[in-house]
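The data blocks that follow each hold one structure.
The following pair of complexes shares a single chain, chain A, combined with chain B in the former and chain C in the latter.
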Partner chain A sequence: MRYLKLLLTFWQTSLAARMEYRTAFLAAFLEAGLEAAGKLFGVYLFYANGFDFGGWRWQEALLVMGLATLLDAFFIAIFNPNLRRVSEMVQDGRLDFVLLKPVDSQFWMSTQQFAAVGLPFMVVGVAIVVYAGVISGLGAGGWALLALSLAASLLLAYSLAFIFATTAVWLVKIFNVVYFLNTIVWTGQYPLQAYTRPFRLFMTFVLPIYFMTTAPAELALGRRTALWLGPLFLAALLLFIASRVFWRFALGYYSSASS
Partner chain B sequence: MLWALRKALTLVSVYFAYMMEYRGEILFWMLSGVAPFFFMSAWSEAARRGLTPYQANDYARYFFAVFVARQLVIVWAHWNLSEDIRSGKLSFRLLQPIDPVWVYLADHLGERGVRLPMMFAITLVFFWLYPHALVWPGAAGACLGALLAALAFGVNFLVSYSIGLLSLWLEDATEIFDLWYVATLFFSGMLAPLSLYPQAVLQVIAWTPFPYLVYAPAGLWSGMEVDWRRGLLALLFWNLFFLLLSRWLWRAGRRHYSAMGA
Partner chain C sequence: MEVPLILAQNLSKTFTVAQKDPGLAGTLKHFISRRYLRIAAVRDVSFELQSGEIVGFLGPNGAGKTTTLKMLSGLVRPSEGRVRVLGFEPFRRCAEFLRQITLVMGNKQQLIWDLPVLDSLRINAAVYQIDGHTAKERAREFAALLGLQEILTQPVRKLSLGQRMKAELMASLFHLPKVLFLDEPTLGLDVNAQLAVRDFLKTYRDRYGATILLTSHYMADIEALAERVIVLHRGGILYDGALRGLTDKFSPFREVDLELADDVAAQALAGYGEARKTQRRRYRILVHRQGLMQALAEIMARFDVRDLAVKEPPLDEIIAKVFSEGEV
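After this line comes the complex of A and B, so read on.
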């Protein structure tokens, strides 16, 4: 409860601070629309050349693309602005102040900022997912599975991003590490079956992009049984626990700016 | 002339040293540019099923060239300017007896000195994995491609610098550059070789700078058909256009500068 209140306060202040830059918000709206159009065009190019991503109807491929857009929006709104600060704060020693606060430091580092420019991307992402879901004929069960597996995939993406960001404790200046993950996730806009075998293996076992966009779509469309939800959540939870353990371990190596 | 050269060399070497310190960061930045390889994989899969006009190996060649071309034209002057204007660091730059644009340009050129060796390493790994993609485009193609890439960098840099100058009015203009970036992403041939795009789209973008920022050099390097004469003309025109625009913005915008202590 206390953390929920904190979260609200954090995001209210972030929004208020960014309201100063209204042109940026307007530009983000245009950009979100343009980017969705471009991604759609990309999918169209494959279908126009007769490639169906290894057995996906185009509205189903659209669902995967929508999920990727939504995930990307979470990166823009929450993961990127917060996690780049891990690197900033290690660099100038401000992490000390976070550690002194009577709040869980991982919670503080992951939620303190909210970038309003991510909102238009969320709106566009939800719109594409809903549209694609409706024309793919999802039933109530499908929607429920989609929502649940999307939650798991967000947790997975967050945990992975946080683990990457934590390496800043040793490597110090690595703002780009989160952007790296962000662009890799960008490749989740096509279903996994669209890629060649080595890439498929990489996207499943090295960086689990498959579980973030393709797997939720497959579950919702009934291409896999609902039982797969279990392992999906288990993987996400395990990675989340790993991120917490790793953060604690890393803090042991943190030497503040003054000591 | 000699003193100008000496100044330029000093500036570039200073920024080279500065960027060397952040090589880890640059490495991750480069790795976030690997998206073309994923598109390569998807198009190769399409080719394997025999559905496209090109072979898998053509795609490997093309998308590797796209990766290189994109690395060469990366810019961030809008970000620097926006930061300098908001924090007031621009005041110090104004005191120096040199137009700040040269400082930002040196920053970019110095960084290329760190990026190029790392790119070479990635190139080696790529050709180790895809040995058949290693085809020399011929001296003429290579040089012409390099010339177009240099001009493309010019356009990108001037756009980024001009948008950065908008921060004098808007406080923070970095998001506006993202618009340019997104347009480049989709119309410069990163999704697919432009020859696979529908004719209607190609006609619309023919005289915009986008097809020439990445596709023109990458196409020349990988043996795709490229109208390089038009590319050269378009790039020269847009360089001139954004040069004049940025000069005008600099003149008009300086009066609006009101950061700390100015």
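After this line comes the complex of A and C, so read on.
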């Protein structure tokens, strides 16, 4: 409850700080709205003719794209603005203030910022997922599997991004790696089967993009048995635990910028 | 025996710092292969603080003051030695410990740059679980003490340096910490703002019984607030004791200002100490403390004295002398 209250306070404050510059805020929002609409138009052009994609019907492949859009929206709204600050705050020493608060520092560094420009992308992502799910004929079980596996994929993406961001404690200017992950995640907009074997292997075993977009769609559509949800959640949970252990380990090396 | 509130035993901290030669060749070399140097920022420092004490940390830049404060507050893990603050091991940074301390840094701020001070206080209230009514009352109390009532709703970026520092103190002390680590809290402030900050800290200590450890380059801060000083030099402790004792230890001289009826040469007074003429018929002599009474008696007997004053040399000068001479 305390952390929920804190989260709401963080996001209200973050929104207020962004809205302090009205023109910049409105322009960013307008740009995000246009870009999200453009994305939707691209999807329409791509799938309007009933394209068959590596054995996926177009409406099924659209579900994968919806999940990738949603994931991307989370990067824009939460992961990127927060994790960029890990690098910045290590560099200028402001991380000191976070470490001296009686609050979980990973929670603070992961949630303090909320970029409202991610909202149009979230709306478009949800719209694509709902539309694709409905025309693919998802039942109640399918929707439940989709929601659960999406939660697991978000946890997976966040944990991976946070581990990358944590390396800033040693490497300091490293935030580009998180942007790189954001870009790589976007390659998950098409079902994994659409890629050649080396890419498939890379997207499964090197950077687990497959588990973030294609796998949740496969589970929801019944292409894989629901039992796969367990390992997916377990993998996400293990990576999340790894991110916490790594953060604590890294803080042992934090030397705080000189005053 | 009373358990010390802050305990530092044989505390040391060594940092590894990369070295780089200037110019393109140095940059390329630094990019390919880095040369590191181990720097001992703090060496074998031991001291204790009892509850309610105000102690000033003195030392030139790089003496190890900030590093010691960071070890005491839990930001930096000591390389060697033992630290206890309020019975806790600071580096573990457990919530119960963090609720009772604060670290104020004169050159860094936690306030949200684009929003009014009240928004930063709102976050701190949520962090420290201070209810709305109490938070409002406390904001009013602190604002009145610091004279910030009019600016609480203005964006931080629009405030003057002095106002920002006062607001920073307000935010840092909003949870009523028992132990205050203050690193240059008056850095860059004008005289009025410095006075306001000192008064606030005194009132806070009296009202809430806090223990304060502060560093400052302004001797006036130390003289106004601290009863005890710890002098650090090159990472080690040079002196730990009463502020007055610092003068006795490092400056065994007294300054005698004289006005004579006749204009004499300064050499006539050289036998009593280091003498110089400051104006016509006015002289300043540095007399050794032990021979002060005898020197004064002789001067009174030999010269027609119109005015005489005996002063301790300014603390600033003593400190500067100690630091410039290094090992004492």
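In the analysis below, the second predicted complex is superposed on the first by the 226 of 259 C-alpha atoms of A that agree within 3 Å, B and C clash if a C-alpha of one lies under 4 Å from a C-alpha of the other, contacts with A are read in each partner's own complex, and residues count from 1 in each chain.
Criterion: a contact is a pair of C-beta atoms (placed from the backbone, for glycine too) under 8 Å apart; a residue touches a chain by one contact, two chains touch by 3 or more.
It should be emphasised that the depicted structure is a prediction, and the values quoted were computed from it without experimental measurement.
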| item | value |
| --- | --- |
| Partner chain in contact with A:Asn49 - chain B first, chain C second, else both or neither | first |
| Which superposed partner A:Gly252 touches (first chain B, second chain C, both, neither) | second |
| Partner chain(s) touched by A:Glu20 [first = chain B, second = chain C, both, neither] | both |
| First (chain B), second (chain C), both or neither touched by A:Glu31 | first |
| Partner chain(s) touched by A:Leu171 [first = chain B, second = chain C, both, neither] | first |
| Touch count on chain A, higher of chain B and chain C | B |
| Touching partner for A:Thr9 - first (chain B), second (chain C), both, neither | second |
| First, second, both or neither for A:Leu99, with chain B first and chain C second | second |
| Set intersection of chain A contacts, chain C complex versus chain B complex | 20-21 |
| Complex interface listing, chain C residues touching chain A | 15, 66, 70, 73-77, 93, 95-96, 98-99, 101-103, 105, 107-108, 110, 112-115, 119, 122-123, 126-129, 155, 183-184 |
| List of chain A residues in touch with chain C within their complex | 2, 5-6, 9-10, 13, 16-17, 20-21, 92-94, 96-97, 99-103, 252, 254-256, 258-259 |
| Residues of chain A defined as touching chain B within the complex | 20-21, 23-25, 27-28, 30-31, 34-35, 37-38, 41-42, 45-46, 48-51, 53-54, 117, 171, 173-177, 179-180, 182-184, 186-187, 190, 194-196, 198-199 |
| Chain B residues touching chain A - in the complex, by the definition given at the top | 22, 24-26, 28-29, 31-35, 38, 41-42, 44-46, 48-49, 51-52, 170-176, 178-179, 182-183, 185-186, 191-192, 196-198, 201 |
